[in-house]
Amino acid sequence: MIRALVIGRFQPFHLGHLSMVKKVIEDCDKLIIGIGSAQFSHSTSNPFTAGERHLMISRSLEDEDIFDYYLIPINDLSVYSEWVAHVESLTPPFDTVLSNNPLTQRLFQEKGYSVREVPFFNRKEYSGREVRRRMIAGENWQELVPGGVAEVMDEIKGVERIRQIARADRYVE
Amino acid sequence: MIRALVIGRFQPFHLGHLSMVKKVIEDCDKLIIGIGSAQFSHSTSNPFTAGERHLMISRSLEDEDIFDYYLIPINDLSVYSEWVAHVESLTPPFDTVLSNNPLTQRLFQEKGYSVREVPFFNRKEYSGREVRRRMIAGENWQELVPGGVAEVMDEIKGVERIRQIARADRYVE
Amino acid sequence: MIRALVIGRFQPFHLGHLSMVKKVIEDCDKLIIGIGSAQFSHSTSNPFTAGERHLMISRSLEDEDIFDYYLIPINDLSVYSEWVAHVESLTPPFDTVLSNNPLTQRLFQEKGYSVREVPFFNRKEYSGREVRRRMIAGENWQELVPGGVAEVMDEIKGVERIRQIARADRYVE
Amino acid sequence: MIRALVIGRFQPFHLGHLSMVKKVIEDCDKLIIGIGSAQFSHSTSNPFTAGERHLMISRSLEDEDIFDYYLIPINDLSVYSEWVAHVESLTPPFDTVLSNNPLTQRLFQEKGYSVREVPFFNRKEYSGREVRRRMIAGENWQELVPGGVAEVMDEIKGVERIRQIARADRYVE
Amino acid sequence: MIRALVIGRFQPFHLGHLSMVKKVIEDCDKLIIGIGSAQFSHSTSNPFTAGERHLMISRSLEDEDIFDYYLIPINDLSVYSEWVAHVESLTPPFDTVLSNNPLTQRLFQEKGYSVREVPFFNRKEYSGREVRRRMIAGENWQELVPGGVAEVMDEIKGVERIRQIARADRYVE
Amino acid sequence: MIRALVIGRFQPFHLGHLSMVKKVIEDCDKLIIGIGSAQFSHSTSNPFTAGERHLMISRSLEDEDIFDYYLIPINDLSVYSEWVAHVESLTPPFDTVLSNNPLTQRLFQEKGYSVREVPFFNRKEYSGREVRRRMIAGENWQELVPGGVAEVMDEIKGVERIRQIARADRYVE
């Protein structure tokens, strides 16, 4: 039995993420998708709650008839040395970690895990940062995300939120 | 759109839980299943990690072809007044809470949620406490849980763990 | 300048507390009233939030034309060795601590504070425990508390809450 | 009954704050003044403890014969989604939130609160940042704060502290 | 290179602990002594701070010319699944764990460590509980501890503290 | 009895630290060496765990036949007002604090401690920052640290770690 773990912030889940999931899920029995920085929300770089991101990802994968995954919120810890144990306690046991982040790679390697690179496509355009920038600027962000994400964004008034919060970044106390 | 939330500790998930899920899922578009006391494990009353319980529940529901649910670990907080907001941040938005616990009911009611009782069947036998007692005593616990739970218990060596921990309860420092 | 500190849980503030405050406030320029176990609420022994207790105490003291006090919520810490520093950071500087609890007395004495006993009257009847018991039992609790506390209890539906929570104590998982 | 909430860091409380309080307190029965970032002190941007700020504000408002307020320390949380519930547990119930910070406005609006702008006068000069700058530079900061704040600053040796800490900002490990 | 880890609460360090250390230190290059429940103090079962226990142990081992050890405070975590990683981050790498506590044994075994029983002598008399009982009762506790521990107890007024705290256990709020 | 406290991050322990310890240990009965920012590791500025730093320091001092010290990990707190109490609970009682950091100096002075400057030699070259820079750049870092530190670095594969993590600093999400 092969289970692989991939962790992202998914702020929000976009077509690059979807394409990545489709590719890596072929090679494993079950893919564990960790929603990273789960405790953060309502900032311009982390606008959406873990629950809202859970909804976006589930909806998008359901629309693609993908069900062989576990979706699990994972908090950031500032104590890096305990983070792998933290992840292990929240997820089903897994064999392989997929990550391009050298710190994540190192932390899992030191605990004996096998680590592989994640295949990403066109990272410049299909990035959370670009989607958020377009939301704030009033440009076309919808073309970068699955239809399910746009639906959820409507339900949670996500664009209204990120625009309001973006003004807070310029707020002088 | 109707989403309902039900929270349990699922230590472990048993046939009473399964029967409850089957009943309540009929009345909602999606059922949000919260794995409560998520941070606790390795004690006789909370032997299994959130990740292990995630695996048990997913496996059992997959075997029943049930997919219209979200499964989400939820930590206990000792600060009860912040707990509903904590739950809200981790889950998709929901309308209704299913719970028989008067404290849980009160906390959600004070935040304006509609609360309903959970239909349970034969709570004396189909209870986490009874399953754990049988595991420790070496009796037939398998008949109280779905087949998927027994499989996971094998994979994670769960019975070996709870028996060893039970000795710790009698350990004198 | 003499400032004294007295800490109570005030679950709820009752006539015994009021009588104590009237007595000790005569001997100091300002009395610092700490609302202890501030983070806890919604349990049978700690039913009311820090904010609700703040309101009860302010209302009761205003009705008595008492204004020479500071009212400050103070969380419990399980790390006792840091608790005095925690209190110091939340309160104006003070000279004297009023407490009958030997642990509280010890913690402040080890940091060099002068500690004095608190004069309490008829502790058996005028106790938070007795007020809460009467609320749950449907007996006359109003005669044990200042009028302002009864008003606040109405506003926050406090009796309804403690009765509902009391059922949780008998709830079997 | 109308209660309004306004939250500031008050590092330190200055004449702009005092003028704001006088204005908004006319429109409400009681004003709840939250001392924000309560846990932070001893840095150049947050030099004073919550208790010291409590003393400064009480002294200044007493000198103005203002008593219709509640003064409550409120910790910052990094988990924004739980912050409103955190505030609610510490304060008496309130109807309206006064804030110019778009993030604060958003957080309270999402929980259903009515939010209004705070009227501030001459924000460039009457700002905590300017008072602190003058303290460090040895310029006239006293003209920017109420007399009570200057008294407290003497009692707690506040200017000595901020000057010493300012040297830490230039300290190379 | 062989390093072994043994964890105790050492409330206080007594002759049974000393005898155990002498025995196990023979079999390893370096013994890592973890001071468990490090954050707790000022209660009847955990009266002494981690720093005070550090002093007691160092003094006692120095008197015996024992130096081949590392002495490290280790906090209790309620999240058991992260505790081994927590210990690992605080200690030099080790091969073997010495413990008689089935929970501790299980936690380290699940992370792949070899675990061995600790040889204790006359546990009924030489126990922290008995030493503390004698301190409170005014009986001869000195005969149960190394001379260095009695010296430290004098320096920190430890007996005075535990007696005062013992009265708190009978304190009614 | 004179005990002095000095706190450093020791990332890693270098010849400047060693020279400082040798100098200050002459003036005290016992030197308490606090390993600061103990909870942090696996970043380019804090690459090594508290346990690894414990090992480096012990090994280096043992090689110099220095034993009159206590070595204690100390976590950073963001709540500065509680930090001195935190340190006090972890260490044996002490009289004097050695520090060049104005914030550390202030915090201990406000609690009544005597504070002295630390004599450092050639801080530009003998600095943790320079050692880490050379490790990442592949230059000669060994000449800046005691032999014991280089040995430990081999055992824990420390250079491999910091180089891998340094790539994470350039990682774009």
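Every chain is named by a letter (A, B, C, D, E and F) in the order it is written, and numbering of its residues begins at 1.
In this text, a residue touches a chain if its C-beta (ideal position, glycine included) is under 8 Å from a C-beta of that chain, and two chains touch if they have at least 3 such contacts.
This one's a predicted model, so the numbers in the text were calculated from it and none came from an experiment.
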>> What are the mutual neighbours of chain A and chain F in this structure?
In response: D, E
> Starting at chain D, how many touch steps does it take at minimum to reach chain E?
Replying inline: 2
>> Among A-E, B-D or B-E, where does the A-F interface recur, judging by over half of the contact pairs matching in residue number?
In response: B-E
>> Suppose each chain is reduced to the average of its Cα coordinates; what separation in Å results between chain B and chain C?
In response: 37
> Between chain A and chain B, what is the separation of their C-alpha centroids in Å?
Replying inline: 26
> Residues of chain A that touch two or more other chains: which are they?
Replying inline: 39, 41, 49, 79, 81, 88-89
> Chain pairs in touch?
Replying inline: A-B, A-D, A-E, A-F, B-C, B-D, B-E, C-D, C-E, C-F, D-F, E-F
> Where on chain C does chain B make contact in their complex?
Replying inline: 39-43, 49, 161, 164-165, 167-168, 171-173
>> With touch defined as at the start, can you tell me which chain E residues reach chain A in the complex?
In response: 79, 81-82, 84-86, 88-89
>> Applying the document's contact rule, which stretches of chain F touch chain D when the two form their complex?
In response: 9, 78-81, 100-107, 110, 123, 127-129
> Which of the residues in chain B come into contact with chain A in the complex?
Replying inline: 38-39, 41, 49-52, 54-55, 58, 67, 70-73, 88-93, 155-156
